[in-house]
Amino acid sequence: MYTPAKVVSTERLSSSMYMKKVKLLDGDTVEPKPFQFILIWVPGVDLLPMSVAGFTSGEITLVVRERGEGTRKLLHYDGFLGVSGFHGKGFEPWGYRRILFVAGGSGIAPFFHLAEKAWEKDIVVDVVWGVREAGELFNPARLLGKPRGDVYVATEDCRVGYCGRASHLASRLVAGNPGKWDAVIASGPIGLLREACGSLGGFLDVYVNLEAYVKCGVGACGSCVLKPHGLLLCRHGPVFKCSEVEEFLKGGTGA
Amino acid sequence: MYTPAKVVSTERLSSSMYMKKVKLLDGDTVEPKPFQFILIWVPGVDLLPMSVAGFTSGEITLVVRERGEGTRKLLHYDGFLGVSGFHGKGFEPWGYRRILFVAGGSGIAPFFHLAEKAWEKDIVVDVVWGVREAGELFNPARLLGKPRGDVYVATEDCRVGYCGRASHLASRLVAGNPGKWDAVIASGPIGLLREACGSLGGFLDVYVNLEAYVKCGVGACGSCVLKPHGLLLCRHGPVFKCSEVEEFLKGGTGA
Amino acid sequence: MLEVSVAGLRLEHPVMNASGILGSEPEHLEILAGYGFSALVSKTITLKPREGYPPPIIVELRNKGLLNAVGLANPGVEAIGGLAKAARRLGKPLVLSIGGGGIDEFVKLAEAASEAGVDAVELNLSCPHARGYGLELGGDPALVYTIVKNTVSVSSAPVVAKLGLSDRIMESAGKALEGGAKALTLINTVKAMAIDVYSRKPVLSNKHGGLSGPPIHPIAVRVVYDVYREYRAEVIGVGGVSSWIDAAELILAGARAIQVGTAVLFNEKVVEEINKGLREWVSTLGYRRLEELVGTAVE
Amino acid sequence: MLEVSVAGLRLEHPVMNASGILGSEPEHLEILAGYGFSALVSKTITLKPREGYPPPIIVELRNKGLLNAVGLANPGVEAIGGLAKAARRLGKPLVLSIGGGGIDEFVKLAEAASEAGVDAVELNLSCPHARGYGLELGGDPALVYTIVKNTVSVSSAPVVAKLGLSDRIMESAGKALEGGAKALTLINTVKAMAIDVYSRKPVLSNKHGGLSGPPIHPIAVRVVYDVYREYRAEVIGVGGVSSWIDAAELILAGARAIQVGTAVLFNEKVVEEINKGLREWVSTLGYRRLEELVGTAVE
C-alpha cells in the first residue's frame, strides 16, 4: 500500500551514514517482518528501496548511506514523502538460537530491526560489521533498545577493530567458536555475500540479504529478477539461502 | 450487498400464504436485525421487498402472501435467484419487557424473527393476528422454535377466534390487561396501522411497520419516501413511532 | 476555511450531493440537507415525467462500487417549482440538473429552472445508460456546444455542464466552456455491467448500468486534472469520493467543489468527515483557505 | 472440464496471465508458469528496447486497484527468440504481445514472432499511457483494421487484437475481426491518476497511469458482453479478475478465456482458486464443460 509520510528527523551517524525517521500519515499499518523493505518516494525526484531498521507505531527508522543522487536527495529532503510497503517476504529466522549477522557498510540497516525482534523471542543476534574506513562507523547501540548481542568491527583501513574484511573476521570467529552460532546472515555488497557463502557454507546455514534494482516492489515489472533464477527479490526475497541463488552470486559484479 | 441465492423449499401454509426458504450462496453474511428486509430478485422477472421471517446460517425464511404477478412468480420459481440486503435499519425493541405484535395478513412475517430474537433476551412477544378469511390462517408455531408467547386470532369472516379486525381485538386486550404490555408493534395494511396508532397510542408506545414502494433499498432512488415526511422507508424504517409518520398515515389509502 | 465559490455560488464548504442521489422530490431535499451538503443538486429532470426502469435498478458490487440504471426516473418539468421552494425553505442553494433528448428539451427545462429561481442549472450531458439521454451527447463536442450555448442564452442562472468519461472529453469540455458554461462537473458514472453467475442474467433490468463509487475515483482525478490543466476552468469534481483524501485529490487536480453520491448511501456522516479531514489537511499544509489549494498539483 | 480453445490454442484451463505482469525475460516466464497459467503472455515487446519510465511506476490504490505507468519497458525484438525457447522448455503455449508506434513496427515484430514459432501474437492496440503506443490506435477503427490486416498477412501464428475502453470500441472490434484477428482481448487498463495529497504531486513519474484490478471488472464485463453480442467473436476477457466469480461473469458475457494481471500480485494461488471455483460452478449448473457456458448471458 502507498501511504503518505513525513520526515521526523535526519541525524548523521558517521562520515557517510545517517539515521532518518519517517512517520506514516495513515494509522493502521501492519508490523513489518525483519528484512522487509519500503520504497520511499521523494516526490517528483526518485524512489529508493530501503530496509526497515526500526519500526514503532507507524514510525519507520532508516539507516541510509549516501551513495549517489537519489540517496543524497533523500537525506536532504525534509517534507512530505510517500512510502510503499512493506515489500518482500522478509525473513524470520526463529528456528535458530544464536545468529551471526555479517554486515558490510549500509548492509547493517536491517540488523537493528532483526535484533529487536529476535530478542523478543530469546534469540541472540551478534554482528560483525565491516566498513572500508573507520570514519563510516557508528555505535550500533545507538539504534537498539539495549545491547542485544556481541558487536565485532572490521575496517579495511585498519584503524579500528579487526584489520580486513568483515567476511574474513566472520570466518575466523566461526572457526574459533564452534557451535556458538547456528546460522549466518550476510548483508551488504555482493562480494561480501559471495565470500560468506563460500567460506561459511560448510559450517552452518548461511543466508544472504540481496540487493537488486527494485522498480515496482510488487512482482509486476520483473526488474528485480535474480537471473538466471526464476526468483524476484521483491517477492521471494530479499533473503535467500546461498544454494538458492548460487548462479546469481557467481554472475554478480562488484567487490 | 448482492448475493446469489437458491430456493431451498416452498411450502403452502394456508389458502394464500407460503413459507419460502432461500439459501444464500455466499458464506459470510451478517445476522439481520428484526424488521430488516431483503430485496429478492427473480431473474429477469421482478424484484420484491420481503421481510426476514427467519434466518439460520445463511438460510432465510420468508412468509409470502400471493398478491399479484410478482409474488405469484416468486412463489412458483424454483431456481437461482438474487438477494440484496439486509435493508432498512430494522428495529430492536430491547428496552421493553413484553410486547404486543398486531399483525394483519402477511404483516405477520417479521413477527417470527422478532419473537425468536426477543426470546433470547427474555422479552416476550405476544401476537394478535387478523385475517379476512379463516382459510388464510396457519399455526404460527410452525415457524417458531417453540411457542414464544400468546397467540390471539381474529377473522373478519368470524369463523375462527375473535370476530372482527385485529386492531379491535388488540384494543380490547390492551384495555383489559392494563400493564401487561409496554409496547405495541403493528404490521400490515395501512388501515390497521392507522387504527393501531389511533386507538392504542394513549396507553403505551406504539410502532408501525410500514410498506412503501422499494426500488433500490439503499436510499438512492427516493421511491420509498414517506411523504410528506423527509423519511425513507429503506433507510430510516421500516418501523416508526406513530408520531414520526402521522401525516403519512393520514395520507395513505387502503383498508 | 472551507468556503468556496463555484459557478457564482458561494458555498460554506465544498461538498454538494451528486445528482441522482434522491433529489426528485421536495422531501428528498430535506434528507439531503440533513446530510450536511452545502448545496443541493436535484435529480436530473426531464420535460415529461419518467417512470424509470423497473427494478433491479441498483446493485452493490463486490468491488465496493455501485452499478445503477435508474432510467432517469423523475417527475418532469412541473416539479421544478416545488424543488426550488423546498430548497429556499431549507436555506440551501439549489443546483437543478436537467436532461433531455435534444436541444429543445434542454432549452425548455433551462427556462423553467431559471424562472423558478434556481441557483444554478447543471446540464446532464453524460448519463451513460439512458438511451438518447447522455453519453452520446457528451461525446459529441459540437452538440455540447449547441446545447450549452442555447441554454445559457435562456437562463439567468449560471449553467454548469456535466460531462462523463469519453475519448473526446477534452474537446467537449472546451466546447462547453466556449458555449458559456460557468463550470464543468466531471465525471458521471462509467458504463458497466454485472451478471449473476447462477441465473446467468445481467442483474439490472436495463442490463447496462453506470459504475459509481470508489472504483471510478482515480478515473475522475485524471479527467479533472487533464481538463483543469488545459482550460483552468472551474470544475466540480465527482466520482468515488468517500473520504477527505479522495476529495483532496480532486481539489489538487483542479476541482473547486466536490459532489458525493454513492458514499452517502453507506455513510450518512460522510460530509462531516470529509470536511473535518479537509480542515486538518489545509492547516497541516500551512494554508488558511481551501481555495488556495485548488489545482496546485497541476503544473 | 475446464479445457478451452481460443484463437486456435488448446488450453488446459481458461486462465492465462495478462500481458505486462512480468513476461519480458525468460526467467519471468518460469515464474508465471509456476503460478499455474495455462498459456504465458509476454510483456508487450517493441522493436527497440525501452527503458520505461523511472519509478514510481506502480502504486496500490485505496480502492484496491493498481495504477501503473511502466512505459512499456522491454528488451526489444531481439528478446523474442529467448522467450519462445523458454516457453517451449516450460511446455506452455506462448502468446507474444507486441506493440508499436505504427504499422511497420507491428509488421516487423509479427514477422519476428512468427519466425520464432510463438503460438499466438497479441497486438497491444490499447496501452493507455505510453504516448503513441496505444489508445490512440485502438480508438481509431481504420488504423486497427490496417494494423491487424498487415500483421495477419505476415504471421503464421494466429493474431489476437487487444483493445481497450474507448467510445469506438465496437467499431474497432469489428474492424479487427474484419482484418483477420482470430480473437479479441478485452480490455486494457483505464486511464487514471493518483495524487499524493501532502506533497501535492501525481505519484507516478509519468503522472498518468492505467487503472487495473477489481475497480475495472464491471467495465470489462460490459465491453466483453457488448462485443460478443454484436460479433459472437472469440474473446479473451481481462480486467479485475480476482476470483472465480469474476472469471465466470466474463465467461457468461462471452469470453472463452481469461487473463489475470493485478490479482496474481496479491495472491499467488489465484489461478488455482479460480479454477477450483469454476469447476464447482460448472457442475452446480449441471454442465459438463466450461465451454458450453461461454456467452450464455447474452441473448
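We call the chains A, B, C and D, going by the order they appear; numbering starts again at 1 in every chain.
By definition in this document, a contact is a pair of C-beta atoms (placed from the backbone, for glycine too) under 8 Å apart; a residue touches a chain by one contact, two chains touch by 3 or more.
Just so we're clear, the structure is a prediction, and the values are computed from it rather than from any experiment.
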- Note on the structure: In contact with chain B as well as chain C, sorted by label, we have none
- Common touching chains of chain D and chain A: none
- Task: Determine, using the mean of C-alpha atoms as each chain's centre, which chain is farthest from chain C.
- Result: A
- Intercentroid distance (Cα basis), chain B paired with chain A, Å: 64
- Could you give the separation in Å between the centres of chain C and chain D, each centre being the mean of its C-alpha atoms? 33
- Separation of mean Cα positions, chain D and chain B [Å, integer]: 50
- In chain B, what residues contact two or more other chains? none
- Give the residues of chain D that touch two or more other chains, as numbers and ranges in rising order. 61, 194, 197-198, 200-201
- Quick one: label the inter-chain contact graph as line, ring, star, complete or other. line
- Task: Please give all chain pairs that are in touch with each other.
- Result: A-D, B-C, C-D
- Message: Applying the document's contact rule, which stretches of chain C touch chain B when the two form their complex?
- Response: 20-25, 27-28, 30-31, 34, 43, 52, 54-61, 66, 68, 70, 73, 194, 196-199, 201, 203, 264-265
- Tell me, which parts of chain C touch chain D in their complex? 61-65, 67, 135, 139, 166-168, 190-195, 197-198, 200-202, 207-208, 211, 214-219, 221-222, 225, 240, 243, 245-246, 248-249, 252-253, 281, 284-285, 293, 296-297
- In the complex with chain D, residue positions of chain A that touch it: 1-2, 4, 6, 25, 39, 41, 43-44, 46-47, 79-82, 84, 215-223, 225-232
